[in-house]
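Down below are the structures I want you to see.
In what comes next, chain A is part of two complexes: it sits with chain B in the first one and with chain C in the second one.
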Partner chain A sequence: MIKSILSFITMLLLITMVSFGIMRMAPGDPTQQFLSPKMGAEDMVQIRKNYGLDDPLPVQYIKWLKNVMQGNLGYSYSTGKPVLTAIVERLPATLILSITSLSCIILIACPLGLFSGANPNKPFDYTVTLLSLITMAMPAFWIGLMLILLFSLKFDLFPTSGYLDPLMSGEPLWRQWLDIAHHLILPLATTVIGGVAGLIRFNRFNVITIIAQDYIKAARARGLGEGRILLKHAFKNASLPIVTILGLSLPDLIGGSLVIEYIFSWPGMGQLGIAAVFQRDYPILMGTVLITSILILTGNRLADMAYRWVDPRIQS
Partner chain B sequence: MTMSLTKIAYIFLAGMIIIPIIVSVLNLTNPTSFSPLFTGDPICPCSEHWLGTDDLGRDLLARCIDGAKISLAVGAISVSISVGIGLILGLISGFYGGIIDSLIMRFVDLFLAIPTLFLILIIQVMLTPSIFNVMAVIGLTSWMGVTRLVRAEVLTAKQRPFITAAKARGISNTTILFKHILPHTLNPVIVAAVLGMGSAILIESTLSFLGLGVQPPNASWGNMLQGSLAYMTDAPWMTIIPGILITMTVLSLNIIGDHLRNAIFKNS
Partner chain C sequence: MKFNRFLVLILSVATLFVSACSKSPNSTASDTLNLNIGGEPTILNPILATDAPSSEINGLVFSGLFRINTDMSIVPDLVATYSISTDGLTYTFKLRDNVKWHDGQPFTADDVKFTFDKILDPKTNTVRRSNYLLNGKPIQFTVVDTHIITATLPESNAPFLSNLCMSIIPKHILENQDINTATFNRQPIGTGPFKFQKWDTGQFIILVKNDTYYLKGPKLGRIIAKIIPDTKTALVALEKQEIDSGKIPFKDIEKYQNNTKLNVHEFEDLNYTFMAFNLKNPIFKDIKVRQAIAHAIDKKGLTDKILKGHGSPAHIPAAPISWSYPNNPTFPIFEYNPTQSARLLDQAGWQLNPATKIREKNGKQLSFTLITNQGNQDRERSAQIIQQYLSAIGIQMNIQLMEWSSFVKRINSPTDPKPFDAVMLGWSLDIDPDDTSIWHSKEYPKGFNFIAYNNLQVDTLLDQGRKTIDQNKRKIIYSKLYTQIASDIPYIFLYYPNVITGINKRVKGLSPAGPAGLFNPIENVYIQ
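Moving on to the complex of A and B:
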């Protein structure tokens, strides 16, 4: 337990250190955006001094870390808002999108992988395999564009972008939730279509190897029904590695949702991060990196714990 | 069915490599010239422009062919970089073991925990976006898988009797590593490289779509999509066609990768 907490903290420190280093060592000056004709050279020097941008890198990092320990993530260069507030405002949208898409991915991938793995080289299996090969080859953002083209521009079923219609602010809460859900469908579909194929293929492969094993043969010999064998005996073991794969694919999922949030103007952390990248808004960027890494590392730990829970043979 | 699919994949990929070369050697089309028919709106696919034109009146087919060169080159070169790094780190890590091994593996874990796309975005904004930076950045951020793969291969190869024999004959570590172990790791690395090229092309298209990759007037399939966003209703072909090309290319690479893996698996 203590060991895993320690490794959590070391990873977090290393990730923030690396991102801090990359951001600051790269050319480019965040104070450029404050430049106006009225200012002289000494004003720019003063601004750089106020932000502490002339200190040596390690000093800057330690200062940032000290503030973080006290719950202060700094202030955005471009809006002056506290970074923590800016991120907390964005967190619900990100969590809604990532949690719903993760659940949909599991709910779709498990049965499809199980059935196509149980009946390999049948028409159903071919269709599923072919479709997942194709969706794996599509750029995630292009899936989003195609869905917009089809469902928003052609059939006008769902809005092209946004989160909650500003006109809805006076409406009762359930109407607002309904509106969010309506906006959610296309970004959700994009993430799911982009992310589900890998898991289906993985699950299918697992089921095929498991069904070839002796204990399944033994279960058949005992006269158990095929459905019972699949669900109770094969699926249980096939689900073990899924937990690990899900934990490992979290960074990709979050990375992928960056672009999807950007396309659908979904007001999550990804959109905030991308805007901050373009504006060289270091405090916001570091805040986003910190919070995303915490989310990812927690996800990994949860996956580890879940793995131990589904497979008691593994001792910590 | 699978056999014919694999054949199609090889043929398609060969076409994607050969056609742009023929077209540019014979100077058949010009991806940056403007159509004389252009009046301000993108032209629909017609007999003069088989795939229509973009918003500036440039022939879309010519740009797709030109984009193929760049997208495939970015994929190939960035994969060479990542495979090179992964091979060296994996060989060292697996062969020497101990502290070096755990240091390199922690480094791999670290890079795996950061969302790659986010890292690439940060680096790309800081550098001036150009084709070469795109290749370097994708290569430098996607070596982790190959490192793990090579390390695992080295660990199993190290246990084999012929390595013990080589050691007993007093052959130096470097010779054993490069002459006897390295060839054993190459098969899975080739598979990983083919599959990695597909994902490099996907990353390139995402970066170029965000305006952080290949810069105009150069055409890549990704930056053609960037230009298409404003014309989705009036000129959907601008969005649909480059995306289909990306999908088909990555699909072919994935199918070929799977095919190679199965071939190797059957042999051993």
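Moving on to the complex of A and C:
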């Protein structure tokens, strides 16, 4: 137990140290944002000094680390907001979109993949394959825009963009939730259309491989019904690799999706992260790195534990 | 059967849901103006903010000692009357005495002093400090009475009044706080026509009418400033009337001119796009090469292709709508004349190599790299067209697109010479024509004269223009300045792009279209 905590902390230190280094190797700095005759060049020098960017890199890292240990992630350079606030206030929108879309993707991809895999090269399989290939070829920004043009502008079913209507804040909570859900449909559809195809293809291939195995033949020989073989015997094994993939996509849940957020003005983490990269907002970047790496490390730990539970052959 | 029932249930729930919330409440209410500020504002503190979305909100919540009028003249705002001493060094301002902060506290001269002292404080992360330092010496603000304040300048300074358009911040709130991180920066309290009400990160800011505004109160009850970063989504939102105002791209103008819900306004702005030469580069040291390039570019053709007729070719570093633009132009205009270019290059010793079609001198090719920032399509396309023009006269121009921060870092590099050959960029000009920071030789290598332009006569004219208060005299000085700069060709001035805005027809009370804004003053705007 102590060993695993120690390795956790060492990993965290290494990740943040390397990220800090890489981040600072990128050309530019937070004061190199303004190119306007109305702003003084010498003022940038003063701001650099105020941020402590003139100190040697290791000193800056240790300063940051010391603050983090005291629970202080610092303040954003561009907004002056506490880093933790800046991250936490974007979590709800991010999680709502990522969790619903992941659920929808699984709910659609698993059955479709299973049935196409079980009946390969039949009309149903061809249709699913064709549709998957088409949606895979469509970029998300294009799908998003098409959905906006069709369902928002033409049919007027949904708002073009946004999260919660500005005038909804005084309404009862259920009305607010309904309004968020209403705004959610188009970005959700865009994410699902873009994300479902890959998983279908993956699942289909798994099912085809598994159905060819001896234990399935044995099950058929025992006279089990095709449905039971598919759902009980094949699906369980086919879903194992999917669990791995989902485990790997855990950090994406809080990472947000820039393209979708941008098109639909969705107030998620993707926009925060990208803005921080372009503005060289180091405190925000380090804050996101720290939080995501904690999540990834924890996620990995959890996945390890889950494997041991699912598959007794894996020993600690 | 079971499945069918399930499907019917889902469909009916969905229909109910869509009909329940497809109409949002009141957002097109008769007293609410819906704007799109295009991006998340960084900081709602006028002395710290540098981005357009923040400035747009700050302009509604705060007010300054002076403000910019529709005709771009500078008129008193928080100031009732003022006088200037005969030597032009002491300004005395009598402030309005009926002004209250949004929290009810009275506005006094102490707030004014506090604001400018905070800007001058090195601990404040502001890029505006240098506006209030003249030759390194700060402008002194002295409180004489609760509503009288004087400013003492170390030397005469014409742009001073335009710098007093800076919004004033409340002393009683910020006095004992770290201004860089104060919560005030997200919940501003000002003296302007609108009060801050709510900011939902990444979504919108709501402002409501200030009932105790010192001037004629605003007709609007509320402004909702939405944050829609994607320009295509914003256009759809404009069409759907989710927002009342939006920028329209040149290529879409005809489509929106025929839209029955929108009025399309087009106006000239205070900015120009240019291509600049690093004058420390051996190729560009020779004015013949610069002249050859100037004659090789068909500015009219370029403007037509890029701006589709919504703009005009530029010849000097001032916009035609600025008062400083010469009435009787004496500046040189470099006509499109590739034959002349070829002759100039021959004279400069650059001979065409028929095999490569590139000119050479002493075994060196006439080749250079133009850098510009990624993501600005007009600039990228302009660079490509110029590449063609130059290739026709035997100059090889490579184009390198750079991410903004890396680009700025390269231009601002403190080294001499700087690590670039040529740059394509645009300048957004101030209301005051003082361009010392761009052209003065002391602004190199630290400063915005990143091309190392050095002309003693230009320096003198800039200093004169900065110190002369009389506008007519300044106009003569700037006319000479522009002629001198244009003849030296440190930049190729390319074009002035117009701005095209679509405004919903329900919005009334607009001022004539111009850089000072259609919603200026906002108090006149109403919804019908």
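Things to note:
Note that in this section the second predicted complex is superposed on the first by the 257 of 316 C-alpha atoms of A that agree within 3 Å, B and C clash if a C-alpha of one lies under 4 Å from a C-alpha of the other, contacts with A are read in each partner's own complex, and residues count from 1 in each chain.
To be clear about the criterion, contacts are C-beta pairs under 8 Å (C-beta built on N, C-alpha and C of every residue); 3 or more make two chains touch, one makes a residue touch a chain.
Not measured: the values here are computed from a predicted model.
In the superposed model, A:278 lies in contact with both chain B and chain C. In the superposed model, A:140 makes contact with chain B only, not with chain C. Once the two complexes are overlaid on the shared chain, A:113 sits clear of chain B and of chain C alike. Within the superposed three-chain model, A:299 lies out of touch with both chain B and chain C [touch as defined at top]. A simple residue count on chain A separates chain B from chain C, and the partner touching more is C.
With both structures placed on the common chain, the touch criterion links A:252 to chain B but leaves chain C unconnected.
Within the superposed three-chain model, A:149 lies in touch with chain B and with chain C [touch as defined at top]. When the two complexes are overlaid on their common chain A, residue A:194 makes contact with neither chain B nor chain C. After overlaying the two complexes on the shared chain, residue contacts for A:289 are found with chain B alone; chain C is out of touch.
When the two complexes are laid over each other on chain A, chain A has residues 26-28, 145, 148-149, 153, 262, 278, 280 in contact with both chain B and chain C. On chain A, the positions that touch chain C within their shared complex are 26-29, 32-47, 50-51, 75, 77-82, 86, 89-90, 93, 145, 148-149, 152-153, 156-169, 171, 175, 178-179, 181-182, 262-268, 271-272, 275, 278-280.
The touching residues of chain B, counted against chain A in their complex, run 1, 109-110, 112-119, 121-123, 125-127, 198, 202, 205-206, 209-210, 222, 225, 229, 232-233, 236, 239-240, 243, 246-251, 254-255.
Only residues 17-18, 20-22, 24-27, 40, 42-43, 45, 48, 50, 122-123, 125-131, 180-182, 185-186, 198, 200-204, 206, 224, 226-230, 232-233, 236-237, 239-240, 242, 403-406, 408-412, 425, 427-430, 435, 437-438, 443, 446-448 of chain C touch chain A when the two sit together in their complex. The residues of chain A lying in touch with chain B in their complex are 11, 14-15, 18-19, 22-23, 26-28, 126, 133-134, 136-142, 145-146, 148-149, 153, 248, 251-252, 254-256, 258-259, 262, 273-274, 277-278, 280, 285, 288-289, 292-293, 296-297, 300.
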